[in-house]
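Chain naming follows the written order as A, B, C and D, and within any one chain the residues start at number 1.
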Amino acid sequence: MNISLAQAEKIIAAAQQKSAAIGTKMNIAVVDAGANLVAFARMDGAWLGSLDISIKKAKTARFFDMNTGVIGELSQPGGSLYNIEHSNSGLITFPGGIPIKNAAGEIIGAIGVSGSSVENDHTVAEAGVLAL
Amino acid sequence: MNISLAQAEKIIAAAQQKSAAIGTKMNIAVVDAGANLVAFARMDGAWLGSLDISIKKAKTARFFDMNTGVIGELSQPGGSLYNIEHSNSGLITFPGGIPIKNAAGEIIGAIGVSGSSVENDHTVAEAGVLAL
Amino acid sequence: MNISLAQAEKIIAAAQQKSAAIGTKMNIAVVDAGANLVAFARMDGAWLGSLDISIKKAKTARFFDMNTGVIGELSQPGGSLYNIEHSNSGLITFPGGIPIKNAAGEIIGAIGVSGSSVENDHTVAEAGVLAL
Amino acid sequence: MNISLAQAEKIIAAAQQKSAAIGTKMNIAVVDAGANLVAFARMDGAWLGSLDISIKKAKTARFFDMNTGVIGELSQPGGSLYNIEHSNSGLITFPGGIPIKNAAGEIIGAIGVSGSSVENDHTVAEAGVLAL
(Lines give C-alpha, C1' and ligand atoms only; values in the text may rest on other atoms or scores of the structure.)
Protein backbone atom coordinates (compact mmCIF):
# COMPACT_ATOMS: atom_id res chain seq x y z
CA MET A 1 0.00 0.00 0.00
CA ASN A 2 1.13 3.47 -0.86
CA ILE A 3 -0.17 6.90 0.07
CA SER A 4 -2.19 8.66 -2.65
CA LEU A 5 -1.73 12.26 -3.72
CA ALA A 6 -5.22 13.04 -2.44
CA GLN A 7 -4.25 11.72 0.99
CA ALA A 8 -0.97 13.64 0.95
CA GLU A 9 -2.76 16.86 0.03
CA LYS A 10 -5.29 16.33 2.80
CA ILE A 11 -2.44 15.83 5.25
CA ILE A 12 -0.62 18.93 4.08
CA ALA A 13 -3.80 21.03 4.28
CA ALA A 14 -4.37 19.91 7.87
CA ALA A 15 -0.75 20.58 8.77
CA GLN A 16 -0.96 24.06 7.26
CA GLN A 17 -4.11 24.75 9.26
CA LYS A 18 -2.46 23.65 12.49
CA SER A 19 0.64 25.67 11.66
CA ALA A 20 -1.44 28.82 11.14
CA ALA A 21 -3.42 28.12 14.30
CA ILE A 22 -0.27 28.11 16.44
CA GLY A 23 1.24 31.08 14.61
CA THR A 24 4.07 29.36 12.76
CA LYS A 25 5.25 29.19 9.12
CA MET A 26 6.19 25.72 8.03
CA ASN A 27 7.72 23.67 5.25
CA ILE A 28 5.66 20.49 4.96
CA ALA A 29 6.71 17.41 3.00
CA VAL A 30 4.98 14.06 2.46
CA VAL A 31 6.83 11.04 1.04
CA ASP A 32 5.40 7.70 -0.03
CA ALA A 33 6.29 4.16 1.06
CA GLY A 34 9.33 4.35 -1.22
CA ALA A 35 10.53 7.50 0.63
CA ASN A 36 9.99 9.58 -2.51
CA LEU A 37 8.30 13.00 -2.36
CA VAL A 38 4.56 13.01 -3.09
CA ALA A 39 3.57 16.54 -2.08
CA PHE A 40 5.22 19.60 -0.59
CA ALA A 41 4.24 23.09 0.54
CA ARG A 42 6.34 25.99 1.84
CA MET A 43 4.18 28.53 3.65
CA ASP A 44 4.80 32.19 2.86
CA GLY A 45 7.70 33.51 4.89
CA ALA A 46 8.80 30.08 6.15
CA TRP A 47 12.54 29.55 6.62
CA LEU A 48 14.23 28.69 3.36
CA GLY A 49 16.61 26.28 5.05
CA SER A 50 13.67 24.28 6.37
CA LEU A 51 12.73 23.23 2.84
CA ASP A 52 15.44 20.60 2.73
CA ILE A 53 15.03 19.74 6.41
CA SER A 54 11.31 18.99 6.06
CA ILE A 55 11.96 16.62 3.15
CA LYS A 56 14.85 14.94 5.00
CA LYS A 57 12.66 14.50 8.10
CA ALA A 58 9.95 12.80 6.05
CA LYS A 59 12.49 10.53 4.35
CA THR A 60 14.21 9.72 7.66
CA ALA A 61 10.89 8.78 9.29
CA ARG A 62 10.12 6.37 6.44
CA PHE A 63 13.68 5.09 6.14
CA PHE A 64 13.42 3.67 9.66
CA ASP A 65 9.64 3.60 10.23
CA MET A 66 9.81 5.65 13.40
CA ASN A 67 9.58 9.26 14.55
CA THR A 68 12.74 11.18 13.68
CA GLY A 69 13.28 12.25 17.29
CA VAL A 70 13.66 8.63 18.38
CA ILE A 71 16.59 8.21 16.03
CA GLY A 72 18.11 11.44 17.30
CA GLU A 73 18.26 10.02 20.80
CA LEU A 74 20.36 7.12 19.53
CA SER A 75 22.63 9.17 17.28
CA GLN A 76 24.21 11.26 20.05
CA PRO A 77 27.90 10.94 20.93
CA GLY A 78 28.33 7.57 22.59
CA GLY A 79 24.95 6.39 21.30
CA SER A 80 24.44 3.21 19.32
CA LEU A 81 23.68 5.07 16.08
CA TYR A 82 26.24 7.83 16.53
CA ASN A 83 26.34 10.10 13.47
CA ILE A 84 23.90 8.03 11.44
CA GLU A 85 23.07 11.39 9.85
CA HIS A 86 25.93 10.83 7.41
CA SER A 87 23.98 8.12 5.59
CA ASN A 88 21.41 8.44 2.83
CA SER A 89 22.74 11.79 1.59
CA GLY A 90 21.92 13.30 4.98
CA LEU A 91 19.36 12.43 7.62
CA ILE A 92 17.61 14.83 10.01
CA THR A 93 17.04 13.13 13.34
CA PHE A 94 15.37 15.73 15.54
CA PRO A 95 11.56 15.79 15.94
CA GLY A 96 9.21 16.73 13.11
CA GLY A 97 9.14 13.53 11.02
CA ILE A 98 6.43 10.91 11.58
CA PRO A 99 5.47 7.74 9.65
CA ILE A 100 1.97 7.68 8.14
CA LYS A 101 -0.13 4.51 8.51
CA ASN A 102 -3.31 3.37 6.81
CA ALA A 103 -6.36 2.00 8.63
CA ALA A 104 -4.78 -1.46 8.64
CA GLY A 105 -1.72 -0.10 10.45
CA GLU A 106 0.60 -0.44 7.45
CA ILE A 107 3.09 2.37 6.87
CA ILE A 108 2.22 4.06 3.58
CA GLY A 109 4.51 7.08 3.80
CA ALA A 110 5.76 9.79 6.15
CA ILE A 111 5.42 13.50 6.88
CA GLY A 112 8.22 15.94 7.69
CA VAL A 113 7.68 19.43 9.08
CA SER A 114 10.25 22.18 9.69
CA GLY A 115 10.02 25.89 10.40
CA SER A 116 9.76 26.50 14.14
CA SER A 117 10.84 24.83 17.39
CA VAL A 118 11.09 21.06 17.13
CA GLU A 119 8.12 20.81 19.51
CA ASN A 120 6.00 22.90 17.13
CA ASP A 121 7.34 21.00 14.14
CA HIS A 122 6.25 17.74 15.74
CA THR A 123 2.83 19.14 16.73
CA VAL A 124 2.14 20.22 13.16
CA ALA A 125 3.36 16.91 11.74
CA GLU A 126 1.07 15.07 14.16
CA ALA A 127 -1.89 17.19 13.07
CA GLY A 128 -1.11 16.18 9.50
CA VAL A 129 -0.99 12.50 10.34
CA LEU A 130 -4.27 12.67 12.30
CA ALA A 131 -6.05 14.10 9.24
CA LEU A 132 -5.96 10.72 7.55
CA MET B 1 8.15 39.98 -6.08
CA ASN B 2 7.88 36.36 -5.17
CA ILE B 3 5.17 33.79 -5.82
CA SER B 4 2.92 32.95 -2.85
CA LEU B 5 2.00 29.44 -1.75
CA ALA B 6 -1.65 30.15 -2.60
CA GLN B 7 -0.62 31.07 -6.15
CA ALA B 8 1.58 27.99 -6.43
CA GLU B 9 -1.21 25.70 -5.21
CA LYS B 10 -3.65 27.26 -7.70
CA ILE B 11 -1.15 26.61 -10.47
CA ILE B 12 -0.57 23.01 -9.42
CA ALA B 13 -4.31 22.35 -9.19
CA ALA B 14 -4.85 23.68 -12.73
CA ALA B 15 -1.94 21.62 -14.03
CA GLN B 16 -3.31 18.48 -12.38
CA GLN B 17 -6.70 19.12 -13.96
CA LYS B 18 -5.16 19.51 -17.40
CA SER B 19 -3.04 16.42 -16.90
CA ALA B 20 -6.10 14.36 -16.02
CA ALA B 21 -8.02 15.84 -18.95
CA ILE B 22 -5.41 14.60 -21.44
CA GLY B 23 -4.99 11.26 -19.70
CA THR B 24 -1.50 11.71 -18.26
CA LYS B 25 0.10 11.34 -14.82
CA MET B 26 2.48 14.13 -13.94
CA ASN B 27 5.00 15.37 -11.42
CA ILE B 28 4.43 19.12 -11.01
CA ALA B 29 6.85 21.49 -9.25
CA VAL B 30 6.68 25.23 -8.62
CA VAL B 31 9.75 27.24 -7.53
CA ASP B 32 9.93 30.86 -6.39
CA ALA B 33 12.01 33.74 -7.75
CA GLY B 34 15.03 32.37 -5.91
CA ALA B 35 14.57 29.00 -7.68
CA ASN B 36 13.62 27.30 -4.40
CA LEU B 37 10.71 24.83 -4.24
CA VAL B 38 7.37 26.28 -3.08
CA ALA B 39 4.96 23.46 -3.87
CA PHE B 40 5.03 20.03 -5.46
CA ALA B 41 2.61 17.26 -6.37
CA ARG B 42 3.20 13.78 -7.83
CA MET B 43 0.04 12.33 -9.29
CA ASP B 44 -0.77 8.70 -8.47
CA GLY B 45 1.12 6.36 -10.78
CA ALA B 46 3.34 9.08 -12.25
CA TRP B 47 6.90 8.08 -13.19
CA LEU B 48 9.19 8.18 -10.17
CA GLY B 49 12.12 9.44 -12.22
CA SER B 50 10.09 12.45 -13.26
CA LEU B 51 10.06 13.73 -9.68
CA ASP B 52 13.59 15.11 -9.98
CA ILE B 53 13.08 16.11 -13.61
CA SER B 54 10.05 18.26 -12.81
CA ILE B 55 11.95 20.11 -10.08
CA LYS B 56 15.00 20.55 -12.33
CA LYS B 57 12.78 21.87 -15.15
CA ALA B 58 11.23 24.47 -12.83
CA LYS B 59 14.66 25.53 -11.58
CA THR B 60 16.11 25.65 -15.09
CA ALA B 61 13.24 27.85 -16.32
CA ARG B 62 13.88 30.32 -13.48
CA PHE B 63 17.66 30.09 -13.73
CA PHE B 64 17.52 31.53 -17.25
CA ASP B 65 14.06 33.10 -17.33
CA MET B 66 12.96 31.18 -20.41
CA ASN B 67 11.17 27.99 -21.38
CA THR B 68 13.41 24.98 -20.86
CA GLY B 69 12.98 23.84 -24.46
CA VAL B 70 14.61 27.02 -25.74
CA ILE B 71 17.78 26.18 -23.85
CA GLY B 72 17.67 22.63 -25.18
CA GLU B 73 17.82 23.91 -28.73
CA LEU B 74 21.06 25.73 -27.91
CA SER B 75 22.68 22.93 -25.90
CA GLN B 76 22.77 20.37 -28.72
CA PRO B 77 26.09 19.11 -30.10
CA GLY B 78 27.59 21.99 -32.04
CA GLY B 79 25.25 24.47 -30.34
CA SER B 80 26.43 27.53 -28.47
CA LEU B 81 25.44 26.16 -25.06
CA TYR B 82 26.55 22.54 -25.62
CA ASN B 83 26.45 20.55 -22.37
CA ILE B 84 25.20 23.47 -20.25
CA GLU B 85 23.29 20.71 -18.41
CA HIS B 86 26.39 20.04 -16.33
CA SER B 87 25.95 23.31 -14.44
CA ASN B 88 23.81 24.03 -11.38
CA SER B 89 23.88 20.41 -10.14
CA GLY B 90 22.08 19.33 -13.30
CA LEU B 91 19.73 21.17 -15.66
CA ILE B 92 16.88 19.69 -17.68
CA THR B 93 16.61 21.46 -21.00
CA PHE B 94 13.77 19.79 -22.86
CA PRO B 95 10.24 21.23 -22.77
CA GLY B 96 8.10 21.27 -19.64
CA GLY B 97 9.57 24.21 -17.68
CA ILE B 98 8.06 27.70 -17.99
CA PRO B 99 8.70 30.95 -16.05
CA ILE B 100 5.73 32.38 -14.12
CA LYS B 101 5.06 36.12 -14.32
CA ASN B 102 2.84 38.40 -12.26
CA ALA B 103 0.40 40.93 -13.74
CA ALA B 104 3.23 43.47 -14.04
CA GLY B 105 5.24 41.04 -16.17
CA GLU B 106 7.85 40.36 -13.50
CA ILE B 107 9.07 36.78 -13.15
CA ILE B 108 8.01 35.50 -9.71
CA GLY B 109 8.84 31.82 -10.13
CA ALA B 110 8.58 28.90 -12.53
CA ILE B 111 6.73 25.64 -13.09
CA GLY B 112 8.22 22.31 -14.15
CA VAL B 113 6.17 19.34 -15.35
CA SER B 114 7.35 15.81 -16.18
CA GLY B 115 5.61 12.50 -16.73
CA SER B 116 4.63 12.11 -20.37
CA SER B 117 5.84 13.24 -23.80
CA VAL B 118 7.59 16.61 -23.70
CA GLU B 119 4.72 18.05 -25.70
CA ASN B 120 2.25 16.93 -23.04
CA ASP B 121 4.59 18.10 -20.28
CA HIS B 122 4.68 21.56 -21.86
CA THR B 123 0.91 21.63 -22.38
CA VAL B 124 0.31 20.86 -18.72
CA ALA B 125 2.90 23.41 -17.58
CA GLU B 126 1.23 26.02 -19.75
CA ALA B 127 -2.18 25.24 -18.25
CA GLY B 128 -0.62 25.81 -14.84
CA VAL B 129 0.85 29.17 -15.80
CA LEU B 130 -2.43 30.32 -17.33
CA ALA B 131 -4.25 29.68 -14.04
CA LEU B 132 -2.62 32.70 -12.46
CA MET C 1 13.19 43.06 -1.54
CA ASN C 2 16.58 41.79 -2.57
CA ILE C 3 20.07 43.14 -1.94
CA SER C 4 21.72 44.92 -4.88
CA LEU C 5 25.26 44.30 -6.10
CA ALA C 6 26.18 47.86 -5.12
CA GLN C 7 25.01 47.18 -1.57
CA ALA C 8 26.86 43.87 -1.48
CA GLU C 9 30.08 45.47 -2.70
CA LYS C 10 29.79 48.23 -0.10
CA ILE C 11 29.36 45.59 2.59
CA ILE C 12 32.35 43.58 1.38
CA ALA C 13 34.54 46.70 1.22
CA ALA C 14 33.66 47.59 4.81
CA ALA C 15 34.29 44.03 5.95
CA GLN C 16 37.68 44.00 4.22
CA GLN C 17 38.59 47.27 5.91
CA LYS C 18 37.66 45.91 9.33
CA SER C 19 39.55 42.70 8.63
CA ALA C 20 42.70 44.63 7.75
CA ALA C 21 42.25 46.88 10.79
CA ILE C 22 42.31 43.90 13.16
CA GLY C 23 45.11 42.17 11.28
CA THR C 24 43.19 39.27 9.76
CA LYS C 25 42.75 37.80 6.27
CA MET C 26 39.19 36.86 5.45
CA ASN C 27 36.93 35.22 2.91
CA ILE C 28 33.77 37.33 2.67
CA ALA C 29 30.56 36.23 0.95
CA VAL C 30 27.23 38.02 0.47
CA VAL C 31 24.08 36.15 -0.62
CA ASP C 32 20.70 37.56 -1.61
CA ALA C 33 17.24 36.85 -0.19
CA GLY C 34 17.15 33.60 -2.17
CA ALA C 35 20.44 32.52 -0.52
CA ASN C 36 22.29 32.78 -3.83
CA LEU C 37 25.76 34.38 -4.02
CA VAL C 38 25.85 38.06 -5.03
CA ALA C 39 29.46 39.00 -4.29
CA PHE C 40 32.56 37.42 -2.84
CA ALA C 41 36.13 38.38 -1.98
CA ARG C 42 39.04 36.31 -0.69
CA MET C 43 41.75 38.50 0.80
CA ASP C 44 45.35 37.71 -0.14
CA GLY C 45 46.72 34.92 1.99
CA ALA C 46 43.36 34.01 3.52
CA TRP C 47 42.76 30.31 4.32
CA LEU C 48 41.62 28.43 1.26
CA GLY C 49 39.27 26.23 3.29
CA SER C 50 37.47 29.31 4.50
CA LEU C 51 36.22 30.02 0.97
CA ASP C 52 33.48 27.41 1.23
CA ILE C 53 32.89 28.15 4.92
CA SER C 54 32.21 31.84 4.30
CA ILE C 55 29.65 31.02 1.59
CA LYS C 56 28.00 28.36 3.78
CA LYS C 57 27.84 30.80 6.70
CA ALA C 58 26.09 33.40 4.54
CA LYS C 59 23.63 30.80 3.22
CA THR C 60 23.00 29.41 6.71
CA ALA C 61 22.25 32.88 8.11
CA ARG C 62 19.69 33.47 5.36
CA PHE C 63 18.29 29.94 5.49
CA PHE C 64 17.14 30.54 9.08
CA ASP C 65 17.19 34.34 9.31
CA MET C 66 19.46 34.39 12.34
CA ASN C 67 23.15 34.62 13.23
CA THR C 68 24.91 31.33 12.51
CA GLY C 69 26.22 31.09 16.06
CA VAL C 70 22.69 30.93 17.44
CA ILE C 71 22.04 27.77 15.44
CA GLY C 72 25.32 26.30 16.61
CA GLU C 73 24.19 26.59 20.23
CA LEU C 74 21.14 24.45 19.41
CA SER C 75 22.94 21.89 17.24
CA GLN C 76 25.27 20.60 19.95
CA PRO C 77 25.04 17.01 21.17
CA GLY C 78 21.85 16.80 23.19
CA GLY C 79 20.56 20.05 21.66
CA SER C 80 17.23 20.34 19.89
CA LEU C 81 18.82 20.79 16.45
CA TYR C 82 21.63 18.23 16.84
CA ASN C 83 23.38 17.61 13.52
CA ILE C 84 21.23 20.07 11.55
CA GLU C 85 24.49 20.69 9.65
CA HIS C 86 23.72 17.68 7.46
CA SER C 87 20.91 19.55 5.72
CA ASN C 88 21.09 21.90 2.75
CA SER C 89 24.30 20.37 1.37
CA GLY C 90 26.12 21.41 4.54
CA LEU C 91 25.52 24.20 7.00
CA ILE C 92 28.13 26.06 9.04
CA THR C 93 26.71 26.93 12.43
CA PHE C 94 29.49 28.71 14.29
CA PRO C 95 29.69 32.53 14.35
CA GLY C 96 30.49 34.60 11.27
CA GLY C 97 27.15 34.60 9.40
CA ILE C 98 24.65 37.44 9.90
CA PRO C 99 21.39 38.31 8.08
CA ILE C 100 21.31 41.68 6.28
CA LYS C 101 18.22 43.88 6.65
CA ASN C 102 17.05 46.92 4.74
CA ALA C 103 15.85 50.15 6.38
CA ALA C 104 12.35 48.66 6.70
CA GLY C 105 13.74 45.75 8.68
CA GLU C 106 13.18 43.19 5.92
CA ILE C 107 15.89 40.58 5.40
CA ILE C 108 17.41 41.13 1.96
CA GLY C 109 20.38 38.78 2.18
CA ALA C 110 23.19 37.69 4.48
CA ILE C 111 26.95 37.96 4.95
CA GLY C 112 29.36 35.16 5.84
CA VAL C 113 32.95 35.67 6.97
CA SER C 114 35.65 33.09 7.62
CA GLY C 115 39.41 33.23 8.08
CA SER C 116 40.27 33.80 11.73
CA SER C 117 38.80 33.07 15.16
CA VAL C 118 35.02 32.91 15.15
CA GLU C 119 35.00 36.05 17.29
CA ASN C 120 36.99 37.90 14.65
CA ASP C 121 34.86 36.39 11.89
CA HIS C 122 31.73 37.72 13.61
CA THR C 123 33.29 41.14 14.22
CA VAL C 124 34.16 41.50 10.54
CA ALA C 125 30.72 40.29 9.44
CA GLU C 126 29.12 42.81 11.77
CA ALA C 127 31.23 45.62 10.31
CA GLY C 128 29.97 44.60 6.89
CA VAL C 129 26.34 44.66 7.96
CA LEU C 130 26.74 48.06 9.62
CA ALA C 131 28.00 49.56 6.36
CA LEU C 132 24.52 49.43 4.86
CA MET D 1 52.67 33.67 -9.00
CA ASN D 2 49.07 34.09 -8.01
CA ILE D 3 46.51 36.76 -8.77
CA SER D 4 45.85 39.23 -5.93
CA LEU D 5 42.41 40.29 -4.73
CA ALA D 6 43.17 43.84 -5.88
CA GLN D 7 43.88 42.53 -9.39
CA ALA D 8 40.75 40.39 -9.36
CA GLU D 9 38.60 43.33 -8.26
CA LYS D 10 40.09 45.50 -10.99
CA ILE D 11 39.28 42.82 -13.53
CA ILE D 12 35.71 42.45 -12.27
CA ALA D 13 35.17 46.22 -12.31
CA ALA D 14 36.34 46.41 -15.93
CA ALA D 15 34.16 43.46 -16.90
CA GLN D 16 31.14 45.06 -15.23
CA GLN D 17 31.80 48.29 -17.12
CA LYS D 18 32.00 46.46 -20.43
CA SER D 19 28.89 44.49 -19.63
CA ALA D 20 26.93 47.67 -18.92
CA ALA D 21 28.34 49.30 -22.07
CA ILE D 22 26.96 46.53 -24.28
CA GLY D 23 23.68 46.35 -22.37
CA THR D 24 24.08 42.99 -20.65
CA LYS D 25 23.81 41.71 -17.06
CA MET D 26 26.57 39.32 -16.13
CA ASN D 27 27.84 36.97 -13.47
CA ILE D 28 31.61 37.45 -13.26
CA ALA D 29 34.01 35.13 -11.44
CA VAL D 30 37.78 35.24 -10.99
CA VAL D 31 39.76 32.24 -9.75
CA ASP D 32 43.42 32.06 -8.78
CA ALA D 33 46.21 29.79 -10.05
CA GLY D 34 44.80 27.02 -7.83
CA ALA D 35 41.41 27.37 -9.58
CA ASN D 36 39.82 28.61 -6.35
CA LEU D 37 37.45 31.59 -6.31
CA VAL D 38 39.05 34.94 -5.49
CA ALA D 39 36.25 37.38 -6.33
CA PHE D 40 32.75 37.26 -7.73
CA ALA D 41 29.98 39.68 -8.70
CA ARG D 42 26.42 39.05 -9.91
CA MET D 43 25.01 42.18 -11.59
CA ASP D 44 21.44 43.13 -10.66
CA GLY D 45 18.96 41.14 -12.73
CA ALA D 46 21.56 38.76 -14.14
CA TRP D 47 20.43 35.15 -14.72
CA LEU D 48 20.57 33.13 -11.54
CA GLY D 49 21.71 30.01 -13.40
CA SER D 50 24.73 31.88 -14.72
CA LEU D 51 26.17 32.15 -11.21
CA ASP D 52 27.41 28.57 -11.27
CA ILE D 53 28.27 28.73 -14.97
CA SER D 54 30.55 31.76 -14.55
CA ILE D 55 32.47 30.04 -11.76
CA LYS D 56 32.71 26.79 -13.76
CA LYS D 57 33.98 28.71 -16.81
CA ALA D 58 36.71 30.36 -14.76
CA LYS D 59 37.72 27.02 -13.23
CA THR D 60 37.64 25.26 -16.60
CA ALA D 61 39.87 27.93 -18.18
CA ARG D 62 42.44 27.48 -15.41
CA PHE D 63 42.11 23.70 -15.26
CA PHE D 64 43.40 23.47 -18.82
CA ASP D 65 45.06 26.89 -19.30
CA MET D 66 43.04 27.73 -22.40
CA ASN D 67 39.86 29.53 -23.41
CA THR D 68 36.80 27.45 -22.54
CA GLY D 69 35.52 27.58 -26.11
CA VAL D 70 38.60 25.74 -27.35
CA ILE D 71 37.79 22.81 -25.09
CA GLY D 72 34.18 22.87 -26.28
CA GLU D 73 35.33 22.26 -29.83
CA LEU D 74 37.09 19.09 -28.72
CA SER D 75 34.31 17.81 -26.45
CA GLN D 76 31.69 17.38 -29.18
CA PRO D 77 30.37 13.94 -30.16
CA GLY D 78 33.21 12.18 -31.97
CA GLY D 79 35.73 14.70 -30.65
CA SER D 80 38.88 13.72 -28.77
CA LEU D 81 37.61 15.07 -25.45
CA TYR D 82 34.00 13.93 -25.85
CA ASN D 83 31.98 14.68 -22.69
CA ILE D 84 34.96 15.92 -20.70
CA GLU D 85 32.31 18.05 -18.95
CA HIS D 86 31.65 15.12 -16.61
CA SER D 87 34.98 15.65 -14.86
CA ASN D 88 35.84 18.01 -12.01
CA SER D 89 32.29 18.19 -10.67
CA GLY D 90 31.19 19.70 -13.99
CA LEU D 91 33.00 21.75 -16.60
CA ILE D 92 31.52 24.45 -18.85
CA THR D 93 33.22 24.38 -22.22
CA PHE D 94 31.51 27.08 -24.27
CA PRO D 95 33.06 30.56 -24.58
CA GLY D 96 33.29 32.97 -21.65
CA GLY D 97 36.26 31.60 -19.70
CA ILE D 98 39.79 32.96 -20.28
CA PRO D 99 43.10 32.40 -18.44
CA ILE D 100 44.69 35.48 -16.85
CA LYS D 101 48.44 36.05 -17.29
CA ASN D 102 50.87 38.38 -15.55
CA ALA D 103 53.37 40.61 -17.34
CA ALA D 104 55.81 37.69 -17.55
CA GLY D 105 53.23 35.60 -19.37
CA GLU D 106 52.63 33.24 -16.45
CA ILE D 107 49.06 32.16 -15.83
CA ILE D 108 47.97 33.51 -12.45
CA GLY D 109 44.25 32.75 -12.61
CA ALA D 110 41.23 32.88 -14.89
CA ILE D 111 37.99 34.78 -15.46
CA GLY D 112 34.57 33.31 -16.23
CA VAL D 113 31.61 35.35 -17.47
CA SER D 114 28.01 34.23 -18.03
CA GLY D 115 24.71 36.03 -18.61
CA SER D 116 24.19 36.68 -22.32
CA SER D 117 25.16 35.13 -25.65
CA VAL D 118 28.47 33.29 -25.56
CA GLU D 119 29.90 35.96 -27.84
CA ASN D 120 28.97 38.67 -25.35
CA ASP D 121 30.19 36.53 -22.46
CA HIS D 122 33.58 36.19 -24.16
CA THR D 123 33.74 39.92 -25.00
CA VAL D 124 33.15 40.87 -21.37
CA ALA D 125 35.66 38.29 -20.13
CA GLU D 126 38.23 39.69 -22.54
CA ALA D 127 37.61 43.23 -21.30
CA GLY D 128 38.28 41.95 -17.81
CA VAL D 129 41.55 40.30 -18.78
CA LEU D 130 42.72 43.41 -20.63
CA ALA D 131 42.27 45.53 -17.49
CA LEU D 132 45.32 43.93 -15.93
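FYI, a contact is a pair of C-beta atoms (placed from the backbone, for glycine too) under 8 Å apart; a residue touches a chain by one contact, two chains touch by 3 or more.
Keep in mind that what you see is a predicted model, and the values were worked out from it rather than measured.
Interface subunit B/subunit C: over half of the residue numbers present appear on both copies, so the contact uses mostly the same residues. Note: centroid distance subunit B to subunit D, computed from Cα atoms, is 29 Å. Chain centres here are Cα averages; for subunit B and subunit C they lie 32 Å apart.
Spacing of subunit A relative to subunit B, judged by their CA centroids, is 25 angstrom. Multi-chain contact residues of subunit C (touching two or more other chains): 34-36.
Chain pairs recorded as touching, per the definition above, are A-B, A-C, B-C, B-D, C-D.
The part of subunit B that touches subunit D in the complex is made up of residues 34-35, 59-60, 62-65, 77-78, 80-84, 86-89, 91. Across the complex, subunit C meets subunit D through its residues 4-6, 8-9, 34, 36-44, 48, 51. By the touch rule above, subunit D contacts subunit B in their complex via residues 47-50, 52-53, 56, 72, 75-77, 83, 85-86, 90-94, 117-118. Those residues of subunit B that touch subunit C in the complex are listed here as 32-36.
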